[in-house]
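Next come two complexes built around subunit A: one with subunit B, the other with subunit C.
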Partner chain A sequence: MASPALLLLLLFVAVPFLAAIGFSLYNVRLGDPRAPTFMGFTQYARILTDPDISRQFLQALLHNLIFAAVVVPVQTALALSLALLVKKTIPGVGIFRSLFFLPVVFPIALVAIIWRLILARGDDGLLNSALGFFSGGAFGSQDWLGSGLTALASVIVLSIWQGCGFQMVILLAALQQVPAELYEAAELDRASAWQRFIHVTVPGIKTTLVFVALYTMILSLRVFDQIYVLAKSGGGLNEGATRTVMYEAVTAAFDENNIGRASAISVVFFVIVVILSVIQRRATREKEG
Partner chain B sequence: MAQTSAPSQRISRREMASRVPHYATLLITGLLFLAPVAYMVAASLAPASDTLAGFAVFDVTQWGLHNYSGVAASLSSDSTGHLWRFFAVSFTVTIAVVGLGLVVNSMAAYALSRLAWRGRGLALFAILLLLIVPFEAVAVPMFYLYNDARNTLWIQIVPFIGNALSIFLFYSFFSGIPHSIDEAARMDGAGPWRIFWRIIAPMSKPAYASVAILTFLTQWGSFLWPVLMISDPNLRPLPLQISVFAGQLPPAWGQVMAFGVLLVLPVIIVFLIFQRWFIEGVASSAVKG
Partner chain C sequence: MLSPRRSRRTAATVGAALSVALMLSACSGDSGDGSSDGTIDVWAHTGQAAETEALQMLVEKFNSSQEDVTANLTLIPEADYTSTIQATSAEELPDVMEMDAPTMAAFAYDRKLIPLDDVVSSETLDNRISGVTESGTYNDATYAVGMFDVGLGLWGNRALLAEAGIEAPATAEEAWTTEEFTANLEKLAEVSPSGKAIDLGEANGFAGEWGTFTTTPDLWSAGGTLMKDGKADGVLNSDDNVEALEEWASWREFADPNTSGSAFQDGQTALTWTGNWMYPTFSEALGEDLALMPLPDFGNGTKAGHGSWQWGVTPVAEDDPEAAGAFLDFLLTDESISAMVEANAAVPGSTSALEQSELYGADKPLELFATNLESACGSDSVTEECIAVARPVTPGYPTVTSSFGSALLAIWGGAEVKDELDSAARAIDSDFSDNNGYQDD
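What follows is the complex of A and B.
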């Protein structure tokens, strides 16, 4: 009864994964009549240390890390604030719960295109018009996606907009599990709202908070769709300031037909994900136990 | 009646006053969240020349449906692909992956949680391992291994049917169902298939709903795999097509936004109908930790 699923997982996850390790040791190219030659760990050495190639890869890795370093705390904090905002069952709150969750159902490729128009350079972009209008023209128009300074920040903003409803829902479920008696007891002790938050809410949802933060971190490493759409579909995205590890893997495989190097990138990517997953498991288990 | 309602009304009025800042915060955050969606809808209805002209898209007097007829006309030949076909591809792929995935993965989870067979422990361990492997890590080797299947419908479906996370979510749910229920059925002479289809599966509707929604969301927005595998306009799913359409020169932004509305509308309708399940589905994915 388990065989269909196990067979599919074998063919489409386990075998490709082992193949990635294999490919990364050879100079595999698509449609190459010559047999691939064994290169050992050369691909890894290249992406990690060869000055010509490693620069791009390490840059991509750095972008993922910056992305994670900003998105994890900001999105978790925002999701928690939203969850607290919609926790209380007051009339109309359901509409807001749906509203904050709405972007989650938007495919990220579409989100990238909508934001590409909002962030369009010149005075025509919605954001530039709004900033110009509210600052009385004092705030000059920016090339949000094209400038090296704001490109990654722009991608971060649109990613948080799309993703934070998901985390909100998970945190909301956790908030609703915190026993009401704890809040009542804290109120009897004349604890302020802030004290209640720090001493009742946060400990009550600690496990979920850690889960959400680490889960967001793994998602941050997987970022690809929005970068690819904005860079390749006339979005004018500053590629050099936003390329990510997955973007590197896809362009190496697809544009340069270098399956070997792309596989090595995939393996390095996977190792980082595993390290984070292990930390995630540890952190959530310990809190439970 | 009057006696009992008077005090409660006074309390509610005082509480109403304390709720003003709460509602104000909700409203402002809500508007900020809604702004990109509102912009997409407005830009889809506004004249093409207004799309990148600041607030002009919100001029209701200029609104019309010309972008919708425009996108249908722009995408109506074999070289561009037909608008209806992109929907047909996305619907076919999503429905097939969700439907077949529910059957195959729940069967596997049942076998893992209830039946005694050789290799069960190993299979369970393997699935916990595969849970960590993100699709991104195997996309490149799969692109190479299954290259002969480029531009087919099945390669968009079959790799995503078996899903370790789905199996895990079903497994957790089934493990919570008391074994006494199966044993009673076995006493009555029911075999494992019958017990599964007639008793366990009907009892597990919440698990099926959660898995269906999580799979649906990922699959409807799927982008990376189609980018690698699909170049035939007649087999492109919606997210890939909108990125191709947005990259055309000169871009018809009004039509792109109309396409965006059409693309996201089915998901929003499904979301509004099954809202409760969406929220529970997402919240249950957190059990993974």
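What follows is the complex of A and C.
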């Protein structure tokens, strides 16, 4: 029974992973027909100790962790509040549901291009001109994407905007499964709206909440597209303040043709992700128990 | 309960149909590699709309002009073009492919190109202008032929220049010094409707090839270069380069981010820093007000980039190179070249087409680009006299441009110039030493 699943796992997880380990030990250059030379653990040593490469890798890892630490709670909370808002049966609620879900339909690359116009530096950037208008010109133009202080925050904001509609739909489905009798009973017991939320809603959707948080965590770790688009195609995104591990791996492989280093980065990252998911599984299990 | 279930079934059907369609199209993609049946596959990048139309027209014309060879053109978006070729193994490449000039050496090193000296006719080869010859030569063999070469310059809006009381220099000798340039930026910022004097093309992304192509002339003009004798340390991070890029980064306060993509042609900025391909758009918008000027002089004379899209033949065509050769000979006739440069206003790549050109030549609008190319030189040996300089012809170029581009983006954002160039030089040298200096034998 399990054999198709095992075959797929083998084909799409085990084989690429073993190949990556193999590639990382050789100087594999994309497109080069020459036999690659054996480098041993040089690529790993560079990622972990070389002043340039390891600095970039550790920066990238830090950005991933900051991204996850902000996006997981904020996006889940936002998605839950949106779901509570659009759960009400008022006329026209379908329009709101569609509107909140709309950004999910856009590819993230397109979202990055739209936000590039919103966050553009200079007075004609949409955000800058809006802030300038409402503050009567007191708020000067900011370089949202270029400044080291706001670059990662900008990426986080646009990622949440794009992603939270999806979580909203999942949570909405969960909310609709919570039996209405429970709410009625709570109301009869004179529970306040907040108490109903804490004692009826949250326990009712707990498994879905855990799933949504896990799912967002996984997405946060592989964040790449929006950063690549904003940095490489004229968004002026501050690369040093936003590079992520996936960004490092892809640029090593496809901009510098260095498959060896890209594989080594992927292998190290795989190990880190495994450790993180084990920790998270432990944590959520305790919650359940 | 009924409608969601039905739509789920529809979704499944659509999904299945899509995957079948994908599989079919994937299969049909394989069919074109038999080169002996007189069919050749041709890959090209999707450039400006007019340029792409001109190419499609030329391919049709070639197919109807003779019976023996049929060319199948596939267009690939420019942003992914180079990485597509890079990631495709030599056997799966088309017979004939286009490539950007600085990527040629890497493809030749990867054995994705064959020498053209016996493929293309010697009349065609002898008729090339020197810039095109130079961009197509690697290890003393011709690996690529180009229909045109490019010019990079400073374009001005005469109305705004006059308002600020500034005279536009016309020849390379009259190029503004960097002091004059900065002073003029200040004056022009006041008369430019956007409040910014220049569009440096930052919307095209300094981290990509755009950054290397448009900014390296600053280094050459300051007496520096990207690398010498396969080494970047001590060259890329030289004091000359550091000063030049500090100067470049200081222009940021005058630079329009040009999110609309049309700041200059709309008269919003007085200056823009870009290539010949924008000439048709600019001259239509500004007419007589359009001025073409040399880039500012950092001390070692004004410099400009050159080297553009060019054509090569892959090992796939090795059994029957005549078909590929016939196609390239056709593309490089004066008639084809004229049709192409009419679309992109590039410098015609053959001497005879250049002589007949309506844009290039004495007192013609783009004369400056043609004179720049007359004194061309390589990146390793930049002299004060030469103006057009080619980007380094080395198989390691992808790392060079990627590291330099990242440094440029950071410098533009305000990072310490010396640190960024030091780190780019280390990355380049480490890549070269990993690959044994890209010795090709």
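Here is the rule we go by: the second predicted complex is superposed on the first by the 252 of 289 C-alpha atoms of A that agree within 3 Å, B and C clash if a C-alpha of one lies under 4 Å from a C-alpha of the other, contacts with A are read in each partner's own complex, and residues count from 1 in each chain.
By definition in this document, a contact is a pair of C-beta atoms (placed from the backbone, for glycine too) under 8 Å apart; a residue touches a chain by one contact, two chains touch by 3 or more.
Remember, predicted model here, so these are calculated numbers, not experimental data.
Undergrad: Using the superposition on subunit A, tell me whether subunit B and subunit C clash or fit.
TA: clash
Undergrad: Looking at the overlay, does A:D32 come into contact with subunit B only (first), subunit C only (second), both, or neither?
TA: In the superposed model, A:D32 contacts subunit C only, not subunit B.
Undergrad: Looking at the overlay, does A:K232 come into contact with subunit B only (first), subunit C only (second), both, or neither?
TA: both
Undergrad: Using the superposition on chain A described above, determine whether A:D124 touches subunit B (first), subunit C (second), both, or neither.
TA: In the superposed model, A:D124 contacts both subunit B and subunit C.
Undergrad: After superposition on the shared chain, which partner residues are touched by A:F41: those of subunit B (first), subunit C (second), both, or neither?
TA: In the superposition, A:F41 touches no partner, neither subunit B nor subunit C.
Undergrad: For A:D52, is the partner it touches subunit B (first), subunit C (second), both, or none of the two (neither)?
TA: In the superposed model, A:D52 contacts subunit C only, not subunit B.
Undergrad: Which partner does A:F254 reach: the first (subunit B), the second (subunit C), both, or neither?
TA: The answer is both, since A:F254 touches subunit B and subunit C.
Undergrad: See if subunit A has more residues touched by subunit B or by subunit C, and give me that chain.
TA: B
Undergrad: Now for A:A262: first (subunit B), second (subunit C), both, or neither, which partner does it touch?
TA: first
Undergrad: Of the listed stretches 73-81, 127-135 or 217-225, mark the one in subunit B with C-alpha atoms clashing against subunit C.
TA: So the stretch of subunit B colliding with subunit C after superposition is 73-81.
Undergrad: Using the superposition on A, tell me which residues of subunit A are in contact with subunit B and, in the other complex, with subunit C.
TA: In subunit A, residues 30, 116-117, 120, 122-125, 232-235, 254 are touched by subunit B and also by subunit C.
Undergrad: Across the complex, what residues on subunit C touch subunit A?
TA: Against subunit A, the touching part of subunit C is residues 79, 83, 85-90, 106-107, 109-112, 194-196, 202-208, 256-257, 259-260, 398-399, 402-403, 406, 409-410, 412-415, 423, 426-427, 431, 434-435.
Undergrad: Of all residues in subunit B, which touch subunit A in the complex?
TA: 19, 22-23, 25-26, 29-30, 33-34, 36-37, 39-40, 43, 51-55, 57, 104-105, 107-108, 110-112, 115, 117, 123, 126-127, 130, 132-134, 136-145, 147, 158-164, 167, 192-193, 196, 217, 220-221, 223-224, 227-228, 238-240, 242-244, 246-249, 251, 253, 256-257, 260, 263-264, 267-268, 271-272, 275, 278-279, 282-283, 285-286, 288-289
Undergrad: Write out the stretch or stretches of subunit A touching subunit C in their complex.
TA: 27, 29-33, 39, 52-53, 116-117, 120-125, 143, 146-148, 231-236, 238-240, 251, 254-258
Undergrad: Applying the document's contact rule, which stretches of subunit A touch subunit B when the two form their complex?
TA: Per the touch definition, subunit A meets subunit B at residues 1-2, 4-9, 11-17, 19-20, 23, 28, 30, 82, 85-86, 88, 90, 92-93, 96-118, 120, 122-126, 128-130, 133, 161, 166, 169-170, 172-174, 207-208, 210-212, 214-215, 218, 222, 224-225, 228-229, 232-235, 246, 249-250, 253-254, 259, 262-263, 265-267, 269-270, 273-274, 277, 280-281, 284.
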